[in-house]
């Protein structure tokens, strides 16, 4: 099966990183194409960033449909534009955050999301509510770092990720930790071992859910929420 | 006080209509500017439409801030891009749907939203949940018409709006009806009189809430959800 | 427009204070009458106080209807007797707590209510649930002082109000603070400036919502929750 | 043990009826005193009625405490003034609606409340939410009759009670029916037999819960919600 | 009336203890039979223990029905197999946890459950949700001890029970404490006196609720959730 | 990878059917063992059946762990004993109902569960609540047939399944249908085609989720909800 993985920000470095990481865990018969849009923000940390990332990503979603892919994976923990993407797609579109939260629900009592920026905490709670699994959420906690910092200061990131996961386990009763940012991915194993909880890497989980959906031949229902948009007049900048 | 009213679709006709309607009910000391973006969809009926309307509208939000307006009213019942708009704004941004739902809560036990398209019903339930007043919602019901139809077939629209409001009252226990589309605005009075319930016109309610906020000197909290986006690299089409 | 403001306790001092404060912020074309009942408790701090305040306040509500007022504002953060008042009123009755909570929802992610007495905390949570905006509540916190103390010990009140607001922001994630007692009103500005959040004064917000409702010509739905009570035998003390 | 049963309306006929019915089912060692206040409404059908019933009932609650009763039963399905009564009482105060809803939860999956007046339906939903057992509620349905009618038209009442219970069972999945008005009490057995569900008589259930509480020596917690009101100035009509 | 009390674990010592404790508080006309199953776990601390306790207990439930008892009390705070027991029973089956939670709701704003093992905390939250009174729960807290320890180390148990109850009151706002394990029963009075809250002993409350149900002649609804299982082929070990 | 599929009822016919169906869709590198317990009920339709199925199934769960399997799939839509199974297992245990509900959430706005017996409807609502995805549930509907009937009357089953799915779509807004019983599996495709919705086969979805979990090397968190039961005395029938 052929899966298009879209990193919705414009960082080529991060896109390469995602390609590298997912290639190692894909099923043998999966063919991956990992891309990012030409225009838009270099990282996605605000609703403003999401707005711009979404419109650029939607063109890639259409392209994947035209080129006969079997599924699309949106590789950003904000799941930007997921509803719009499903409207314009005939093939399944998987958001890594949504897929990972559902998986987390089956692995322990409650999960904690770890986000980089403190300011994003409220929007993460909103995200969990939209996914519909609020009753399985232990907490959202942040590193209190920008995304850029998580890349430039790996030692601090590692230290903070561990501290925050520990607080989630001890104070919030978390049994599963979701590292909601690519910058933390490398530290999962150590946190898992030291704290005795399950730590999930959203891109990996998202890919396996995409493979599962594609192999079952599933598609989104087109009756209402994800119905194909009607044709209409669009005034476009060239 | 100076209020910028943004119709986030690109219909000049509808923008003129909003300008005309709101001019009649504005407070004496309110100065209105009613605009729409140059680019984007002609109507907003899908998440895809919302995505494109949002990015174009955000430029107008920035402009209103630069030009010293006191408040911004987003005159579309989908409240597209409200979070992103508040992030990039120092002055209050009011969404007509959000403002009207809050007002509805004070006027009767439960309210019903009437939407044009049947396919949008799930996203309206999601909208109400995001606003946080689910416990005051009687139902979402649709005319089962497109937005275009509500404009081209006024008689059918009127008939359907009445039928649907009546079902909301009799079957769902609605005490307040919110007509969630400009095309239905003219029929409010008759429905109110015949059914003995309160019928709200979102643009009018939104304007009064905007005036109230501006006269109190209120601003959105900038601590987290609406914090100003950090500067970052953006790859832009010219 | 003519608005009757009812302070439902029997403190003439507090009634004078409310008259003074609201006169400064009312719209030019608003005519205010600020009154309190002749009988009942001097402050409202318990369900027992509310019960007695309600029956005395209801006569003033009827009087405002007979005398042709356009709206009624109940100026007590307990919103005592709000449902009964709306039953016997043809004009809108606004509770300052309810109105302020709805406004708070539009200004930040979550709000915290600050109450004077610790014992009232559970009834405040119940109040928020009744208003229907629980999902936007960060917390209820108390000064751990009686209402009388907030008047006799302004320095302690100011200190406690700041401490409690700070805890709400730092520990509960509050982005908006509602000072739920007249005794704290004067300290809003300083808290707002020091903590970088929005601090709301319920009487002021309530007045603006009342003006907005009256200028839109809104009335409560009379279908069920606020339907006019049927005539019946009442055994009354002379 | 000594239990004071308070019918909070001023109908001596209904008070006699309650006395008669409860005397037959009380435990051998229970001594019942059944009373009603001297002043107030003859029936309780609105928030306005509840407000007046409450203040008059509270004096009886104090009297029961002074005279050494072991528990108080409020024999009205609106549970008027329950919180205020518990504040001023050292002995347990049982509301028949609250007690019956809790018992209903143990007897089947979901229960339906049957109310006389259609206009009271929203306030019943609010009541269930306040009691905290919303997830066990199938529905609230009404006879669409006034309380007075349920007394003057017994045949119609019986017919409507059966019809409404049947709808609750067949359409709402009710397994337990609570007849929320004294006028329907006589028809429970027939409904139970014909529909194969459990039908509860709130006064009877309330009495048994009061006996259970009293025999266990239980009292309301006085830490917060039901804490004793502080002494304060009260301006009273002679 | 005749009530069978089933201790669903196989500890004869604990069964004797329950018999002794309940005999002292039963109503005069109640005849108690206190039993435990022959096979199964000696204590019930996991879902695995519950599974085995349930199948053995169900035989006793059937026996109580055959022998003409009026009610059955399941004397284990996990309420194991309650739904299955009600399916196979024509007489009321009362779970001590469910009954006590309902009673707690009437005695104060919120209650805290104290469990022995830390690992059981999530399943207790699930239990409360199943009972349907989540909105009245302050918290679940644990002694961080095994059930065996609560028996072998009474001094530590007493100390921990007090500490945990104090945290529940001061940090979680609990007004009622439910001691969810027989090993803590003896310490209720002291906690109640020192902390000024209500402390409930589930077995005692359960017995009184069972007596109330039996004296009202109540039975579980057999329409759906507790409908009698259809006859079917069962492959049984001899 | 090696997956043990456990049909927890004792029907060898149904076990053969599951083996046949899953063999066709398993991944190439998956090795399936499909078994059922020796003792217990022939079908699982009540809590009583679940209780007996659980204890017998738990031995097979232990066996799968001892024999080095990579994951266990419980192939019954009641997910009987899932928590107990995870307690005694070091490898992931997947319940087909839980896994399918999570997948359904990603494919459309809301899903409907179709159950055979009408009496089981309440327990299905409880199941969905336990899984934590209530906000994505459109409804539970039943064929009003026993499990035995769904096997002996295929034509009626097919007709009822279609009718019920149609009602779910048209009246409840379902966009995804989950056929919660093996007897309906064969009719999915036709319902999907005729109604234009997504219809899920729980065994198939469950297998793919099991494969995804095993290939990611995931395990249940052992901190609390699924912690390994402590050793203890068990009185066992030989």
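Observations, loosely collected:
Going by the order they are written in, the chains are A, B, C, D, E and F; count residues from 1 in each one.
In this text, a contact is a pair of C-beta atoms (placed from the backbone, for glycine too) under 8 Å apart; a residue touches a chain by one contact, two chains touch by 3 or more.
Just so we're clear, the structure is a prediction, and the values are computed from it rather than from any experiment.
For the pair chain A and chain D, chains touching both partners: B, C, E, F. The pair from C-D, A-C or B-C that reproduces the interface of A-F, where over half of the contact pairs by residue number are the same, turns out to be B-C. For this pair, chain E with chain F, the centres built from the Cα atoms lie 30 Å apart.
Chain centres here are Cα averages; for chain C and chain E they lie 44 Å apart. Shown for chain F are the residues that touch two or more other chains, namely 109, 121-122, 129, 135, 173, 175, 223-225. Applying the touch definition to every pair of chains gives A-B, A-C, A-E, A-F, B-C, B-D, B-F, C-D, C-E, D-E, D-F, E-F. Every residue of chain A that touches chain B in the complex is listed here, in rising order: 10, 38-43, 45-52, 54-55, 58, 81, 83-84, 87-88, 118-123, 126, 129-130, 146, 148, 223-225, 227, 229-230, 232-237. Those residues of chain D whose C-beta lies close enough to touch chain B in the complex are 121-122, 129. Those residues of chain A lying in contact with chain F across their complex are 25, 27-29, 92, 94, 98-99, 102-103, 105-109, 131-136, 169, 173, 175-176, 196-198, 200, 204-205, 208-209, 211-213, 215-216, 218-226.
Residues 109-110, 135, 173, 175 of chain C touch chain A in their complex.
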